[in-house]
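The letters A, B and C name the chains in turn, as written, and every chain counts its residues from 1.
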Amino acid sequence: MKSTGTLSVTNVSKKFRVNNNEIHVLDNINLSVKAGEFISIIGLSGCGKTTLLRLIVGLESDYEGDILLDGRKLNGPSLDRGIVFQDHRLFPWLTVEKNIGLGIVGKSDTEKKEIVNNHIELVGLKGFEKSYPYQLSGGMSQRAAIARSLVNQPEILLLDEPLGALDALTRMYMHKELERIWKKENITMIMVTHDVEEALYLSDKIVVMSARPGKLQKIIPVPLARPRDRASVEFAEMKEKVLEEFMLHTEPHFTYTI
Amino acid sequence: MLSKFLLLAGIVHSQKNKIMSFLSVRGNKYLPIKVLEGTLLPGTIFVIWLICSRLNILSKDFFPSPGDVVNGFHEVLNDGSFLDNLGMSVIRVLKGFLLGSTVGFVIGITLGMSRFLEKLITPIFNAIRQVPLPAWAPLLVLVSLGEMSRVLFIAIGACYPVVLNTFEGVKNVRNDYVEVGKVFKFNRVQRFFKIILPSSFPSTLTGLRLSLSISWMLVVAAEIFMTSGGGIGEMMWACREYSRMDLVVVCIIAIALVGFTMNFFMQKMEMFFSFWRLTLKQSR
Amino acid sequence: MNTKGETQVKTILIGFIVPVLLVIGLEIICKLEIFPSQIVVAPHKVLITFFDLISTGELLEHLRISMYRVLTGFVLGATLGFIFGTVMALSPRSERIIAPLLSALSQVPLFGWIPLLMLWFGIGETFKVVFIAFGAFFPMLINTFEGIHGVPRSYLEVARAFEFSSAKLLHKVLLPAALPSLFTGIKLALGMSWMLVVGAELVAAGEGVGYLIVWGRQLFQMDIVFVGIAVVGSIGYLMFLTLNALEVSLISWHRPLSKK
């Protein structure tokens, strides 16, 4: 078991200023993630999930509260935290292998080649090393993006709706892949998703967020044994539980807007 | 003479498909008709020209017959002056283009990367850009740098489009990509070489293409405004003084062809280096 | 809001740093007489020459003449470009017949026409006007063509649904929709005309701002050359700004109309 990759978020709030107006995006978020855990964050669109990930990865610096990784306070982005963006953000002018090798530093060329090859194998893109992003399907692009974020062996990997753009079947296949990668690399993962089944299949804990301002509504542990069976009764019960959590809060919201 | 023409026409005809696909003309079944329609007007003009010159309706000094033009071409080709001058112009344009576009590239990158320098330089750059290009010629003559004057004259015009397009390209680098660089802790140098340069390169190439075509226009101007350095423009100018209309026409056709060729290859290059802007659909 | 105004003022002030330093530097260099005065001339001398040329009325006379040439050539070339562009955009067959010839002609670098046109039209006004018209023709042609050709199909379908006549179609749908592109054409054409008048006056003229510059060169008077350069630059810029302002007012006038 790895001893690193423990994240603690305490009393974090985030405001954006737009034309002299303050938008309160995150309000008093408290979250602690153990090393090697898989956490999913679910919430309505616009509730601040991406913002929270951007805070953790260090792309936004102006916030209140503390974010500690292994007890150390964050200071900007760092190679011990990787991120897979909502859109894959592969550089369109580079081949798959160049994209994956993008972040490797302080390694000799042969070492670099080996790392890249290992990760290409890890995400199952063998044979596409020389392809350009425009020649890849959506799922392949996301896998390349995941490989790119893993090359520096981060302690914690943040995934922002990594499978959002994929069809249901490819997505189920990717769930297996993600679980395999998570186990193999043995790292902490925090994934944002809109898909309750996806969260249930993969996570140790599900974090439900509410909107305007974004708050932690509930943290639901998922004590099911792995590998999980989508068709099992326990799975269905858990799903009901999470959805209930959601509906309760969203019902009044919907009656207002529709 | 006629037999040579027929031979040439035969070769062109037999290679038509190859030529068409090389020029990437949209192929469809109406193409022959369309091409025919396209040759209608030039053909008519050509025939009228031929008939008029045969019947001596037009003064030879103003409207040389097609035969005169071909003979004139032979004459200057044989005494070597045509290719010499054309070569001089091409070398001159390359010098001016390289100088101007290099400087333009550096300025464009600098202005794109630094907010402060952008504010500092842009106003004066825009002010200078307003001066119509020919107006620089007398100034450069007065400074009397010889060949350098002509090269500088071309370089001034060559630099503007490169500055503007490079600047535009750097400014439009998607912040998404810059953020990827931040996550990987890129330093300024890495950010420049791994993100900004490749991402803005297609825009720079557009600038380079415009720049080369402006350079080619200006080399002719430079050789007319600042004579005594040789070149195809100066040759035209001299032909005008001797009222050799046939040779003027030869030169016009030559500069048009060279200009077209340059533009064509720059366009191909632009497409070649921008391939990654394709989407999956387009690539199939 | 206050801070926004302040930063704007600051931005403008920063823009003045380089010109001011340039002027001071040039003045110092001239005081020290490092270069002969025919190569570097003190900015204040340029200013004096400028006012001299204004007070004698010389400059304005040159400008008037150049202006007249530009406008004649521009109107001629742009009108023809507009007509050809419209015809080509409306009738695919006419496009196929005319386009190859025109695109062949447009391959000739503009200054390459000078010797030919001078042989045909002499060195007088006709030559200049035709030369300028040539330069104005192509940008206007291309932008008119693309403007009208690029009118969204949906507009045309509306027109067909209401059974517009061709005249009404042109007047009510095609021209307003193509207006931004037409303006681009006009701006490019006028800019080109202004460049070409200077070019034409460099090689064959006894008056006009281009000639003024050449004349200064012949007298080895750098100050006159600089006045000429500054004036043609400023006038070109003024024309551009005027057209921009016109464009903004015209197109915002058309927008509410097309929305109704």
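To be clear about the criterion, a residue touches a chain if its C-beta (ideal position, glycine included) is under 8 Å from a C-beta of that chain, and two chains touch if they have at least 3 such contacts.
In this text, all values refer to a predicted model and were calculated from it rather than measured experimentally.
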Centroid comparison with chain B (C-alpha atoms), farthest chain: A
Identifier of the chain whose CA centre is least distant from the whole-structure CA centre: B
Centre-of-Cα separation between chain C and chain B, whole angstrom: 20
Centre distance in Å when chain A and chain B are each reduced to the mean of their C-alpha atoms: 51
Centre distance in Å when chain A and chain C are each reduced to the mean of their C-alpha atoms: 55
List of chain A residues in touch with chain B within their complex: 57-59, 76-79, 81-83, 85, 87, 89, 91-94, 102-103, 105, 132-137, 149, 152
Contact footprint of chain C on chain B as seen in their complex: 34, 37-42, 45, 61-62, 116, 119-124, 127-128, 130-139, 141-143, 216-221, 224-225, 233, 236-237, 239-240, 243, 245, 248-249, 251-252, 255-257, 259-260
Chain C residues within the chain B interface of the complex: 11-12, 14-19, 22, 38-39, 93, 96-101, 104, 107-116, 118-120, 194-196, 198-199, 202-203, 210, 213-214, 216-217, 220, 222, 225-226, 228-230, 232-234, 236-237, 240
Partner chain A, residues of chain B touching it in the complex: 176-177, 179-180, 182-185, 194-195, 198-199, 201, 275-280, 282-283
